[in-house]
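Here the chain labels run A, B, C and D in written order, and each chain numbers its own residues starting at 1.
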């Protein structure tokens, strides 16, 4: 991390021009204290004011009592990646008080619970003690809820001091408590009391403040897991199997929250889906694959350790050609690693998952809108190709709140792929000399036709298996048949290149070099590009959204002298895959990778690229 | 909708759905001659025929093993999925959600169920998925050439494997404590009982676990068995050649009286003791079921018959509010929520 | 496969010069018939005569009654890879009789059981019917053993007609039946009767025959699994966990066969090892890793599906730095695939095994001697580096019999790595300011010191885990600590480059191009090189024996215009890894890969390379 | 060999190996205030102290979960390995082979043991590895925030999770049918009984399974519980805020009479019924053990006490002929066979 930024004592106010909508607030609390609610309300209030804002929760892998940080970044210009320093700190946790101060910029602001009795070692900051106990005492709060209410105090004080619209706070409360008026009122009472106290007792001595902004129409604020789950709901998921694991649990839980209402059968009023909490991830994979085989839009959501456990089953799905969608919300590995931190470390594992020759379609959502879109589109691709589609999100994208555009209703009808029901099969047989084979490539695209259990046509049944089989799904150990089949599957997978989302390209006139990245690092890279441009370095940017690579990637590589591949893992995994896929451009690729569990920052990217370019 | 079915020849006897016994057949077996698993496949064919089952209404599942190969040897007109070793339960569970009118038949082995598959087996049972779950139990891993499985009796000594040091797992007891709603045991060599149990199990609404003792003629082969194959009359020179699998006859026993114990000699000369449940045994009494199983265990008997039934218990499907129509036939208009609903959501998540 | 080679009718004998010690015999039987014994005896008899010979068993994934082939190749020049055509067929299986004939070369020989009543469609071959039933009847054989004995008949007839030394056959019987005289005698009686019948009744009309050769001193004949197991025995393995799976079972079973005798403690006479048949591969991996952590030389042996199941546990071992050796005897995947066929398809999966950033030392034995050597050396590497070592063999190497040199006794003492027992720790603390940390790098090589359970020093205990931890094994979620630790592990793994076996290099003066291959394909490539040389193409050959790559690889790539990477998988997995590792030479690499379940043939390699070189 | 141990201060009371209670401590707990798991860790400390255990002779194992964190909260001077979720048994089994004089203490959760870990748990039990295996059973997944585990009672309704549709798994019954040689159940709030059972279990030679009901104060939190936390006197507005974990007191009950049933109210207002085994209950009778467990199940009681013991059964180590000396201390001269033996092998495999 960075070294403390302690400079000369703060001179009184003079000449500090206001800093509006462009700073970072970090709230330091302990987990289980209810602070997540307070922080969420602050974030949503700012969002409601039309300010570009992001919230990043840095929390421990336990349930109660350990240090937790929540950083809210406001950025007029819309830079929403993590930054490494804080402008404002709300210190509620004595245990980290001193350490937290190291991250505060000179001239920064410290709000703190005045029951924390520590000497503040910095003189270059503005401090505002908050009489939390006192305000809580004044409200008539039962003893067991005092800790919780304490967090509402800082919402009120901070809102008041930064000029956050109190109506926006009220609206945020209403959203959070889903309209439950009692809860809204009682929390509001504390916030209001705290804000009033601040108005009466604190003198503004710092330059930070917010102002409403004319928001681009209709932004939304949502976490990636909910967005992905909603995508799956609109994708018509029919069976979702899961096993609890951070940071993926909230994906399945969001399904459970939204599907019952949204997915009532218009005809019978019944549910058109089942969500099953399995006994482990091997079973979750098995359930999803069984369902996918039988014609349901089937999925499982998990994270690293669970994903590792699915290797054998996904190999079966690949080889028996079963559509299934797996969401891997990546956390930091290897092994149990850092369950509550973010990374992009499962990429090469996913790409080569399972013994033997395999290939997978991998989708790489980079924002909440892509989570939503891939949430439904993944099923279309999986069913069209009759193969597993792996969606690699991560903790930062999945569990943190992000601003997005309103979700767009799917722009294409569902693609259920080549499925033959009774009449279809009858017709097919008529058109193909009475011949249908489950693994027979009649269209020349490597994609065969499949029938589904329940099909009562006496010719429909076949026996699926993970062992060698011929075009008619008959068991076979014949060398030529094995090779022919496996090569057909490779050919089939080639279709993926036209089905997967294309990369997003951002260019700058005259740029000689490029960046390739993917997933949740997008905001940091956007900002880094602008910073590098300020340094005189124009960089084009290609954001990958899927594997296998589409032709735009080769074009991008061809068009640039060298290309930085930026990612959140140790080994530069996308760099490895690009090198493999493009030997002819291999030497143009430069890896810019690291992983420490935190979201990427623009600063780190700029430093690395500048250093590698010999700048500065 | 119905498609005309290939009608069976008038000469052979058709059942009430117009099919003959041969409509329930599968491909020729590739198991060893004399393997108990073949006998079971035959009884499945008979039971399905006699129950007037429409083959397209059945889905077959299995894991990996000799036993798990057998779903190809019956009901060719049913869909089937030969999955992963020990992981058939999850596959079946997912698939059967696609169409609740289908009935699952799972065939597994003792290795497949009680070794690698223990976890999924127990959880499937607990979930009460409507499905017939047959364990073809031979105490060894047949397909990998005769290692001990988790149901091998303690002290059993096998060629190349030494002596089994562990207590066996009792599939029926395991099913019972996991709250199975139908538990039975039989012996592959007792075709009449096997068939009757299959018919009862298939008609049960819930998980029906059937543990069928099904001797492996090839590898359940005690090193020092008196009867082990030898060349020469003096019985002194066992062949000691694992590359040779002598063809043998399947073992069949006569039907025997309920409540009595019967010894059956296996191919390798070892003996198992079957005890048929009493005529007046009450299979709805869980205490009794536990008691007879534990008693049998301590006496080294294998209790056969229907050990426990709870016909009332809700199935996993009862926990979901699904339409009667098969889920896998629902079309886009019933799966994708309307456009307005998304606009509403955008508002909720909006500023 | 190849098209039938039917040419003009065979002219009587004229001008066919004898073909000595240079042909291929394929025996077609059904499995479970005991033919494996007969074939093994033929093979061993030829070996005993000093003739370079190899045997390849092509068998089905069931136990009894399906077609099985056994191909014995004799090669004066020592080419022991598979070849696609047969010179001699012994047809015992009516079911495949006609199909088998397609592989017979013009002028080839057909021995067949005369109870097979099929019209022989070829006139360009020599046929010898064998009255199997009659000979069996004459011997006094119990009914249930007739099938078995039938196979001894062809041993006798073939031996007689090819001039195989009957004494060598007798010696082979003695080895096979481990000296049990009754078994030797009764089988010998049949073989002798059959040979006598042939001598009396068959007239030699073909040119094939064998002659004893002055064998290079002391060759051995053994399968790779037994060789590897013996290596582990001499490597001092202490715990081996396994779960049955073809083609790996015989590895663990060989341990069980040889260890009890060889590994009696010289002091107590007790066993110094435990072999545990686990309930599955997840448990086998867990047992081995538990044991490795506690200081035992621990291993597990498995094949593809089981290997997939170990992904999560091996990630733990990598990250918690636990030495363990895993043998993956590769069969054909993906999924259950072809359990009784060979491939090199698990390479990229192994390399990227487990979620998160991981790296593994991978050893690639290419013959039975390397199986033995890597059998012991793997433990030294694993314990030195405190990391999993994966040994990738395959079915062909593991289950087939191969000629090798006598095993060499380990030339280095065991390397138990940096282990601190009570006194060591006491000394260490004295030398290091009283400080020891399980993950503290004091030597600068990234390799920390470890203590083992049972160490009674009160400072020895530590708590191992798969979650983030600092140098002192304390739980940590600190970003810098995570990154520092993971980078140290990467640095630690760099030591592997000096510990793993170097590649084997074979050069030819003036060769411009090269081949890189590994594992069981060695014999086919040796032969292909010679064949290509005959076509005027000199090729150098680098046989990899380990990952990570050592400096010789870069040198080889640097020194050649282009390099063919030959392997038995669909996707060219080693080609992928080489491309990744050597972007600067990426365009020099050309993939020559396929997989159909059968061992590689020189012919296929020659055809592919010739075609890619534009030859012919 | 022995290294001088840091001697304990003379003021505090040392046990027979010269250690004080604090020598058995671990790091401060990071579990929720009031979590039953902390109470259990404390009793482990007391039991080890009272048993005069040398901490270096103990090895701790766990899986993943709140419960599985607790091995760091006791016995800092013992080695430990916090392994994978549900896969602690294999890790422990492999490790304990290294030195048979060490004793294993495993701590697991109900999710860790009965959901993902069912297979390894059953097979560990069957192998009778000498080890104390504690399940801290709270019916939920604590660490992942309150989903149902496989031991959750049927019909239980939890925040965000809905209603549990499945029958619970009974850890003691599971252990028993897998041939466990020591099976007990207790309640984290009954410290005296917990400690006594721990002491008996630690002294057992074989696998000792202890199912300890250990309430999750945070997530075993019924949606509609009368006592759920509310703000305001009218009890109308439950907080509905899962980001807040109110600190609570651990539940402790008075010691109560053997043979009687006692109700205990949990934090969320739900009630469990503990039944202490009779004084004259014979824990060596397997039939009785099955009976009382099944009876309790049907009455919704949780039987506490030592339910079954078989002190005679051979352990897994008895199946191996290992030297008494720890395997992990054997040196090369005892592990690598002599050179001549290899020459002999080369002859055998030679021409």
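Heads up, the rule we're going with is that a residue touches a chain if its C-beta (ideal position, glycine included) is under 8 Å from a C-beta of that chain, and two chains touch if they have at least 3 such contacts.
Quick caveat: nothing in here was measured; it's all calculated off a predicted structure.
J.: Which chains are shared contacts of chain A and chain B?
T.: Chains that touch both chain A and chain B, as defined above, are C, D.
J.: When the centre of a chain is set as the mean of its C-alpha atoms, what distance in Å lies between chain B and chain C?
T.: 36
J.: Could you please state the distance in Å, as a whole number, between where the Cα atoms of chain A are centred and where those of chain C are centred?
T.: Centres of chain A and chain C (C-alpha means) sit 44 Å apart.
J.: Specify, in ascending order, the residues of chain B that touch 2 or more different other chains.
T.: Residues 84, 115-116, 118-119, 123, 150 of chain B each touch two or more of the other chains.
J.: Which residue numbers or ranges of chain C touch two or more of the other chains?
T.: 60-61, 279-280, 305, 312, 316, 320, 335-336, 465-467
J.: Going by the touch rule set out above, what shape does the chain contact graph take here: line, ring, star, complete or other?
T.: Per interface graph, the chains form a complete graph.
J.: If you look only at chain B, which of its residues touch chain D in the complex?
T.: For chain B paired with chain D, touching residues are 115-119, 122-123, 126-127, 150, 165-167, 169-170, 173-174, 177-179, 286-287, 290-291, 294, 298, 314, 316, 318-319.
J.: Show which residues of chain C lie in contact with chain D when the two form their complex.
T.: It is residues 47-48, 50, 175, 215, 218-222, 230, 233-236, 238-239, 241, 258, 262-263, 265-268, 270-274, 276, 278-280, 282-298, 312-313, 316, 320, 406-407, 409-410, 413-414, 421-423, 426, 451-458, 460-467, 475 of chain C that touch chain D.
J.: Show me the residue ranges of chain A that touch chain C in the complex, using the header's touch definition.
T.: Those residues of chain A that touch chain C are 1, 60-61, 304-305, 307-309, 311-312, 315-316, 318-320, 328, 330, 332-341, 343, 345-346, 348-349, 351-359, 465-468, 477, 479-480, 482-483, 486-487, 490, 569-571, 573, 576, 579-580, 583-584, 586-587, 589, 594-598.
J.: Using the touch definition from the top, list the residues of chain D that touch chain C in their complex.
T.: 1-3, 5-6, 54-57, 59-60, 71-72, 76-84, 87, 89-99, 101-102, 119-120, 123, 320-330, 332-337, 339, 341-343, 345-346, 348-351
J.: Please name which positions on chain D make contact with chain A in the complex.
T.: Residues of chain D touching chain A: 30-33, 64, 66, 69, 84-86, 111, 115-116, 118, 141-145, 147-148, 150, 160, 162, 218, 229, 231-232, 236-237, 239-241, 243-247.
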